[in-house]
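Structures are listed in the sections that come next.
Next, two complexes with subunit A in common: one pairs it with subunit B, the other with subunit C.
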Partner chain A sequence: MPGPVEYSIWLVCTVLEVAVVVCAAKSRSFRRYILLNVYMGLSFLVSVGRYQVLSRAGMESLEYSYFYYYSDLLLTIALYFALLNLYSLVFDEMKVERYLRLGAILLLGGTAWFSYGVINQSSQKILLSHFVYELSQNLYFVGLVLTYALWGAVLKLRETRARLIQLVLALGVYFSAFAANYALQNLYPNITVLHYVTPLLGCILPAAWAYSFLRVSEDQRLAPSRLAEVPR
Partner chain B sequence: MMAAFIFVVSVVIFLQFFVFYCRSLIAVSSKQALSPEVQDVTGIQRTASGEDFNRVMQLLHLCPERPEDRNGIQSIGAYFHLLNFLHSTVARLVPSIKAWTESERGHCTYFAAIALERRISFSRDMLAQQMDA
Partner chain C sequence: MSRRLTAVAFLAMLVLAGAMGLKTVVVAHSGNSVIMANGGAPQPPRPPQ
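Right, the complex of A and B next:
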């Protein structure tokens, strides 16, 4: 069972998820960033659900494992669509929303098909739980690549909306920190500190998004090229 | 081998995003002006120096904390330590990096001063509300 440290991190993370939705609603940006808010709302519900299942069935139970991995996939797909929301905001003047939606669905389908292929090759029996885990991992990787591409687009298109830039950068920090953490866990599976790091990393995104909604107004502008300036 | 490669690539991407994110926080705060009394308290008149960062942070910790500010302040604190590391290593060899880290450290101090300003006005508002009640 998780100890007081894990429970505290869990609680902070859950409160921050609610804070994002509240701050977005307060700054009248709820509809504009609807998919980001849906993702945060869903994260809150999943957190509450996981706590319920954990306290009823226990950490080692099959029920909790199933709930954890299936809800994780649901959240990853929701985050994928939140990223799509940011894409459509960056490209909104180009009127390419239809193509973006089509591209996102094709990419999601392609990732699911690739994950199925990996599971199919590695074992004779296809287990849905293995597929769910594989798809979740692969979507995280796709998310990291897409966020990097979006940051490239922000620089290229000279996007100046400070809040949008911060939301994209926070997502980039979150995805890359998770990727580094997963890789480190694969390299050193016995380091116990890493078990605390994973839930802590989960707080990065809601904390950064809540800050952006609260502190940065929709009208504030900044030059993204200045952020990427390097000394020569 | 593959995990090591992914680790290195993701750390590089993480650092890149982290630095850009911190600079975006600083860029937003740099457009706000400091009130004369915060200028007096911090000693920052026009440009802030990296040497004052720890002092401003100490003043910041004396004020009641605001949970929504915590993330930004912690990020900038981590960015300041990263800059300090660069300042004491690579910057000794490359003069342009030395000038850049100096200026970035100053921006971090200014960000902390703006956060101090917000906390002071928040405390004042709370006090005023209590007086009214």
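Right, the complex of A and C next:
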């Protein structure tokens, strides 16, 4: 069972998830960033659900394990659509929303098809839990690549909207931090402190997004020269 | 119009290929551990396969 440190980090993370939705509503940006808020709201509900299942069934139970991985897929799909919300905001002046939607559906379908293909190759019996786990992992990597591509687009288009830049950058830091922590855990499996770092990293995204909604107004602009020098 | 649709499909497949390539590299250098990036809940062992 998790100790008081893990429970405290989890609680902070859950409170921050609610804070994102509250701050977005307070700054009248709820509808503009609707999918980001849906993701955060869903994260909060999943956290509450996971706590209920964990306290009833225990850490080693199949019930918690299944609930955790199934809800993780749900959250990863929601995060994927939140990322598309950011894409549509970055490219809103180019009027390519229709193509973005089509590309998103193709990519999601392609990832699901690829995940199914991997399971089909590796075992004769197709288990739904195996598919859910594989799809969740694959979507994580798709999200990672899409986030870096979006950051490249933000630089190339010389985006100046401070809040949008912070939201995208926070997502990039979030994905990168998890990837770095994952690499460190594999390199140094005996360092137990890294296991505390993983849930702590989960607080990065809600904290950064809550800060963006609370402190950075929609009209605030960054000077392009401060962002980066990109030759056109 | 169809050229744009082809470009969208090509880009989507390019992202998918890049992401799966990255995943293959990462998984090849790791044990049986998983990468999960949603919330602060403690991670349970994987369900039996």
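The rule is simple: the second predicted complex is superposed on the first by the 215 of 232 C-alpha atoms of A that agree within 3 Å, B and C clash if a C-alpha of one lies under 4 Å from a C-alpha of the other, contacts with A are read in each partner's own complex, and residues count from 1 in each chain.
Please note the rule applied: contacts are C-beta pairs under 8 Å (C-beta built on N, C-alpha and C of every residue); 3 or more make two chains touch, one makes a residue touch a chain.
In this text the structure is predicted, and so the values were computed from the model without any measurement.
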item: Subunit A: partner with more touched residues, subunit B or subunit C; value: C
item: Touched partner set for A:Ala82, first subunit B, second subunit C, both or neither; value: neither
item: Subunit B versus subunit C as contact partner of A:Leu36, first or second or both or neither; value: neither
item: Which superposed partner A:Ala162 touches (first subunit B, second subunit C, both, neither); value: first
item: Which superposed partner A:Leu135 touches (first subunit B, second subunit C, both, neither); value: neither
item: First (subunit B), second (subunit C), both or neither touched by A:Leu144; value: both
item: Which of subunit B and subunit C A:Thr198 touches, first, second, both or neither; value: second
item: Partner chain(s) touched by A:Glu6 [first = subunit B, second = subunit C, both, neither]; value: second
item: Subunit B versus subunit C as contact partner of A:Asn186, first or second or both or neither; value: both
item: Touched partner set for A:Gln220, first subunit B, second subunit C, both or neither; value: first
item: Shared subunit A contacts, counted only where both subunit B and subunit C touch the same residue; value: 144, 179, 182-183, 186
item: Subunit A - residues contacting subunit B, complex; value: 19, 23, 144, 148, 151, 162, 165-166, 169-170, 172-173, 176-177, 179-180, 182-184, 186-187, 207-208, 210-211, 214-216, 220, 222-223, 226-228, 231-232
item: Subunit B residues within the subunit A interface of the complex; value: 3-4, 6-7, 9-11, 13-14, 16-18, 20-21, 23-25, 27-28, 31, 67-72, 75, 94, 96-97, 99-100
item: Complex interface listing, subunit A residues touching subunit C; value: 2, 6, 9-10, 12-14, 17, 43, 46-47, 50-51, 54, 59-62, 64-66, 68-69, 71-72, 75-76, 79, 99, 102-103, 106-107, 110-111, 114, 123, 127, 129-130, 133, 136-138, 140-142, 144-146, 149, 174-175, 178-179, 182-183, 185-186, 189, 198-203
item: Residue ranges of subunit C in contact with subunit A within the complex; value: 4-5, 8-9, 11-13, 15-16, 18-20, 22-23, 26, 29-31, 33-49
